[in-house]
Amino acid sequence: MQPAKTMTNDATKGADAPFYLPSADECDVFAAAYKGRMPLLLKGPTGCGKTRFVEHMSWRLSRTLITVACHEDLTASDLVGKYTLRGDETIWQDGPLTIAVKSGGIAYLDEVVEARKDTTVVIHPLTDDRRILPLEKKGEIVQAPDDFQLVISYNPGYQSVLKDLKHSTKQRFVALDFDYPKPELEEEIVRKESGVDQDTAMRLVKIAEKVRNLRQHGLEEGVSTRLLVYAGQLIGKDIDPVAACAATICKPITDDLDMQRSIVEIVATQF
Amino acid sequence: MQPAKTMTNDATKGADAPFYLPSADECDVFAAAYKGRMPLLLKGPTGCGKTRFVEHMSWRLSRTLITVACHEDLTASDLVGKYTLRGDETIWQDGPLTIAVKSGGIAYLDEVVEARKDTTVVIHPLTDDRRILPLEKKGEIVQAPDDFQLVISYNPGYQSVLKDLKHSTKQRFVALDFDYPKPELEEEIVRKESGVDQDTAMRLVKIAEKVRNLRQHGLEEGVSTRLLVYAGQLIGKDIDPVAACAATICKPITDDLDMQRSIVEIVATQF
Amino acid sequence: MQPAKTMTNDATKGADAPFYLPSADECDVFAAAYKGRMPLLLKGPTGCGKTRFVEHMSWRLSRTLITVACHEDLTASDLVGKYTLRGDETIWQDGPLTIAVKSGGIAYLDEVVEARKDTTVVIHPLTDDRRILPLEKKGEIVQAPDDFQLVISYNPGYQSVLKDLKHSTKQRFVALDFDYPKPELEEEIVRKESGVDQDTAMRLVKIAEKVRNLRQHGLEEGVSTRLLVYAGQLIGKDIDPVAACAATICKPITDDLDMQRSIVEIVATQF
Amino acid sequence: MQPAKTMTNDATKGADAPFYLPSADECDVFAAAYKGRMPLLLKGPTGCGKTRFVEHMSWRLSRTLITVACHEDLTASDLVGKYTLRGDETIWQDGPLTIAVKSGGIAYLDEVVEARKDTTVVIHPLTDDRRILPLEKKGEIVQAPDDFQLVISYNPGYQSVLKDLKHSTKQRFVALDFDYPKPELEEEIVRKESGVDQDTAMRLVKIAEKVRNLRQHGLEEGVSTRLLVYAGQLIGKDIDPVAACAATICKPITDDLDMQRSIVEIVATQF
Amino acid sequence: MQPAKTMTNDATKGADAPFYLPSADECDVFAAAYKGRMPLLLKGPTGCGKTRFVEHMSWRLSRTLITVACHEDLTASDLVGKYTLRGDETIWQDGPLTIAVKSGGIAYLDEVVEARKDTTVVIHPLTDDRRILPLEKKGEIVQAPDDFQLVISYNPGYQSVLKDLKHSTKQRFVALDFDYPKPELEEEIVRKESGVDQDTAMRLVKIAEKVRNLRQHGLEEGVSTRLLVYAGQLIGKDIDPVAACAATICKPITDDLDMQRSIVEIVATQF
Amino acid sequence: MQPAKTMTNDATKGADAPFYLPSADECDVFAAAYKGRMPLLLKGPTGCGKTRFVEHMSWRLSRTLITVACHEDLTASDLVGKYTLRGDETIWQDGPLTIAVKSGGIAYLDEVVEARKDTTVVIHPLTDDRRILPLEKKGEIVQAPDDFQLVISYNPGYQSVLKDLKHSTKQRFVALDFDYPKPELEEEIVRKESGVDQDTAMRLVKIAEKVRNLRQHGLEEGVSTRLLVYAGQLIGKDIDPVAACAATICKPITDDLDMQRSIVEIVATQF
């Protein structure tokens, strides 16, 4: 099995566009940045649609998309590639970023601040006028073709001193802010993806809106659109709406009993 | 010996259902989540029946269950698999999660917050619409079949800032809260599993209830049903009930001498 | 040389029973737990006889005993086994826990909280109804025979937040509290093991009793019976009793000069 | 592919000089330091032109330039070279610093305080009268030719106790301070590199000036010239100037909502 | 070259006894502990003669002595032995402790609290009635002969919570306190080892006494006898006594300028 | 290329003596310590001439000098040597300390407190009457010849609790304090090494004196003689003296703007 094929969503194979309704000029800015070969930084809370936006744009631009969920132990080698022993053979194996660069696609490093700092080595030369990816261990330099683009994301709500992008990294990117979709847009998403009727979808969206406002009263993170879709799916499988909302909108997002009670009350106003 | 066979409880082999009496709609939510291929997060204190619940559901759904007790040093490779040297041969060895995905079973990651953060890499793609498990070291992607389900658990009472699931992980799961079984239910479990009579089982359950209330007075964790069963077993082997309760309900759960005295007094009201 | 033989005390080889006089019903609880295949947790201060008790019970139950002194760097692999290179051969080498499980003996993990957390992986499946030991690196599962028992110990006086057993581990064990032996019992031990006369043994035990009371005035840990035996041995080799007590009862247990003075005064009341 | 060729900008190949307008006597000091074989330390904020200055000087002095972006995991071996396994062959691979020394070029270690401390081993002997580079792993010493020069940079605004150059390192360098280019100079750069007209360039520069003043009111880092060029490029691709400035001058440099509002107001005074 | 020979001081080869004058009954206690096969713990400040005492006793008991200076990175393997690659051969290499056990000598672990905690694994079984040394990596157990003895030392003045012997380790040892030698004894040592006359030696000893008293006024550690010998040696090589004392009694023991002044004043009262 | 040759300054090859003018009796003490085979500890600020002093003495004593700049990751193996793979051969490679011991030269460990603690293992046996260097990995002991000497240095101004020599290490050395050279001496050095005239040299030395006094007002470290030489060199290459001093005496030693202003004012009084 060839990783370059399997680890990507091949955007060109004629599938439908991933459903995305722009809230402002973000598609134009993405397209302009793409044309100008400027790398892109997406900022916003969990589950507000950043990933979907990138999927949508990669479809519109007919570019292959490779997504990497970054984490505390992710190193430059994980992105670029490694020599690995296979029996008594030593094989070079391109990492996901190298695959993206070579194939002229879009590489999306999700929650990039989680990754280890040596990723700087591969991000910096890709984001200045050199546009190169050094494969240090191979002693090679890969020149990024014009149609390659680097996109990274992070959640400003989580940044700490220890986990932040260096300014010398940030200032290499055009940046876009994201937030949860507007109500009518989110209602459409929930309805379309979970199969519930418009009324139920609207109730779920209203609940989400109020739950997200709890962030001003200490809730750490709002509820994502994905969880609203889960709620809709459970309701569609004959789970009582209140129980469905408890299992999707309340329990996953907080362990605080007072917060849970507040969310239950919000749910009760709708179901 | 083939690990895929030996590390699993083969739920399909006609054994009796693991004894479990639902306390609310948790079985329906599990079944609906399973049908909708939504991953599941179980929250609750030690020994309240989360593991038993998963065993029960895997039996009901006729799915093989693979359980992994997570710990501080557990890595993505421990879950997914590794190349290992065996003599002069290099052998790929699937990890427990890969075995579960390939066989279309239920993978249960117990106390998942204990594991290292690079497990994010395998959890995320399994829990969104891709439903894939990347075997990075092999350069392969395993597509999870429809009948695979991921279940994870954690104990909200223990979370610290350092050991918490990221929101971007949590918000990928339908969540269910667990607590100790209701008295009549727990009495039945203790009686059935330890062999004591109903009166003794009821006394043990009453002790447990009062001990668990001590959590409001500083006891760190309540007594699990398992320890009640142990108490019953010791009593059934002619150990004095007071000594049996000391060895099972008191000593394992606290080192605090005042707490131990309070528990001894509670035991004295029953035996 | 075969480790399985050499690293164990073969309790069955007809030697005398290790000298142990029970202080309460601990032998009965151990035997009942053994019959019920419940794992055992021993709690108590350094040198109060926990190890001797396990040696005694393993002799009574005619079980081979394998003891592992846990420490900060002890890993699951140290317990379970490893592949090691020997010349150009790769050899699997069972660890002490695997040897104990395979041979149906008693495995005693002394001061288990010192060990690293991945020992959870081997302790948990051995202590629930599966009673299995996963040899992850070999891809094997060893089913513990009925006559295998796991015993662990820790010293509650030393626990910190960083070094404590998880509740999900603790609540898998029947627990027994230990303390120093009663005076008449300890006198017998000291006399028998050091060869001093009854009068000297009694004086040493009286000193120990008073020194242990200093724990209420800041002494970190009492004096062990072993050190009393050392004192007796030095006296038997013509060392002045006061000097012998200084070298065994005073200097090893505290660096605090005030505490040392208090202990010297206690010794002076007896010699 | 030969790393020595691919990882360098070959300054001698007749290309135009990298655009750089000196603000003071920095070019003379660089040239004098070069002639006197004194190593150079460049201090200044992100994106103020340090890298461009080095590129310019390497062109003027007809020296090959090798740039290394330092990071937390960069070791002396990463700079000097390593033996690597390639199939069943062991190959020595010169690191970027060794390549620079051997070819008599300029080695530029960008943000050197980020690198690990064992880089001291290679920096010190290169910066005293020995001018040698020890290849420890090869047991070789490379004598730097007269035309080799070491240049390092750091950003004084970021230094902490943990990340600082040792005095015994700092005091081996001639140092130059850098700041953002003067308005007329920066206007010329923005116009030239983004293609906007003079009026737009001047507005962008005025915005930058005011944004940089916000550093006195808590903004962590000013906006780099590079981001002004990005803004110009987006405007040139028909993105509304206000949106273009938001995506380049505002979002990448701060997550603070008040700061973002202040920047938006500054932008509104110009567009 | 054979390590067993080269790393030891062969006490039996007829050399003179290392010069040591007992200050109390420490020789008798050592000899009694040796006969009774009880391990020994030496406590005392730097340079007070612990090492010399062990050398002396190993000579008196005609035992080979192997000394290991412990440090933060010393592991059980460093003490016990390792398999090492030598060309294409794998060779087991006994560590210093194994050499001492096999040869029935005295192993002296100097400043044992500095070593890593896995040394517990080798110390414990050597210090209880098993008297065995497990060579885990070889799967062997070495039974210590009767004439083997373990001696460890530490400096109580330096202990912190992080670096202390566990009570379960300490309470396995007979302990002896050491302090600097008495004046007449120290004078003899200084005279004999440095070659100065009695008057100079006495002045140096008087200086040492007063400097050691400064510990009550904040001096971290007193001056060792070794440094007095150094002072004598420098004086014997025509260095001015005041300069000699500055270089040996003052500068090595403190960086505090006030303390240095106090020491200079003390020196001035004698020279 | 043979490391033993290339990594040393061969002091015997008839070159001129490294320029050094003693400020007190330090040369006599060094020579006496050398004759008496006592190891030497040099204390003093950065750039005050410690290294030059050692170079000078190694020339006077006709000993080869090997210098090692210590750092946080320097281990005992880095000093002593390692087996390394070279193709399919395993080669032992002596480290710099072993080379120095074998060749009977002077080993100078600069800023030794930066090194890792396992260097204790090699320092201690070299600095007591054994004078041996254990090559643990080879199982060899190298006996230091009489003409070998160990010299270490550290900067007392930088010591923290974490980075200090253990007393048991310090008290093995004869110690010498260093400070910046006296004005007339420093003037001579600056003149001789930079080529400026006496008047300019004197002005630079006067600046240095005043800058060093700023240490009493918060300047972390004074200016080294090396930087004065740099200033002279720049002036000799037609850089304006004020700019030359800024680039050498001001910018390298402090990032504090107030301190920089104070230094600029000091410079203005001279040029």
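In this document, chain identifiers A, B, C, D, E and F correspond to the written order of the chains, with residue numbering beginning at 1 in each.
We adopt the following convention: a contact is a pair of C-beta atoms (placed from the backbone, for glycine too) under 8 Å apart; a residue touches a chain by one contact, two chains touch by 3 or more.
A quick note: this is a predicted structure, and the numbers were derived from the prediction, not measured.
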Smallest count of steps, each to a touching chain, taking chain B to chain D: 2
Taking each chain's C-alpha mean as its centre, the one farthest from chain D: C
Angle, in degrees to the nearest 5, of the Cα rotation that carries chain A onto chain B: 60
Homomeric contact chain A-chain D: same or different residue positions, threshold half: different
Length of the line joining the C-alpha centres of chain C and chain E, rounded to whole Å: 30
Chain A and chain F: spacing of chain centres that average the CA atoms, whole Å: 53
Chain B, residues touching no fewer than two other chains: 88
Contact graph of the chains (line, ring, star, complete, other): ring
Ordered ring members, chain D first, chain F second: D, F, E, C, B, A
Chain D partner contacts - residues on chain A that touch it in the complex: 25, 28-29, 32-33, 35-36, 38, 41, 43, 75, 83, 88-90, 116-118, 120-121, 124-125, 128, 134, 136-137, 139-141, 156, 159, 166-168, 170-177
Residues of chain F defined as touching chain D within the complex: 1-3, 6-7, 46-47, 69, 71-74, 78, 84-88, 93, 111, 114, 155, 158, 220-221, 223-224, 226-227, 230, 233-234, 237-240, 243-244, 247-248, 250-253, 255
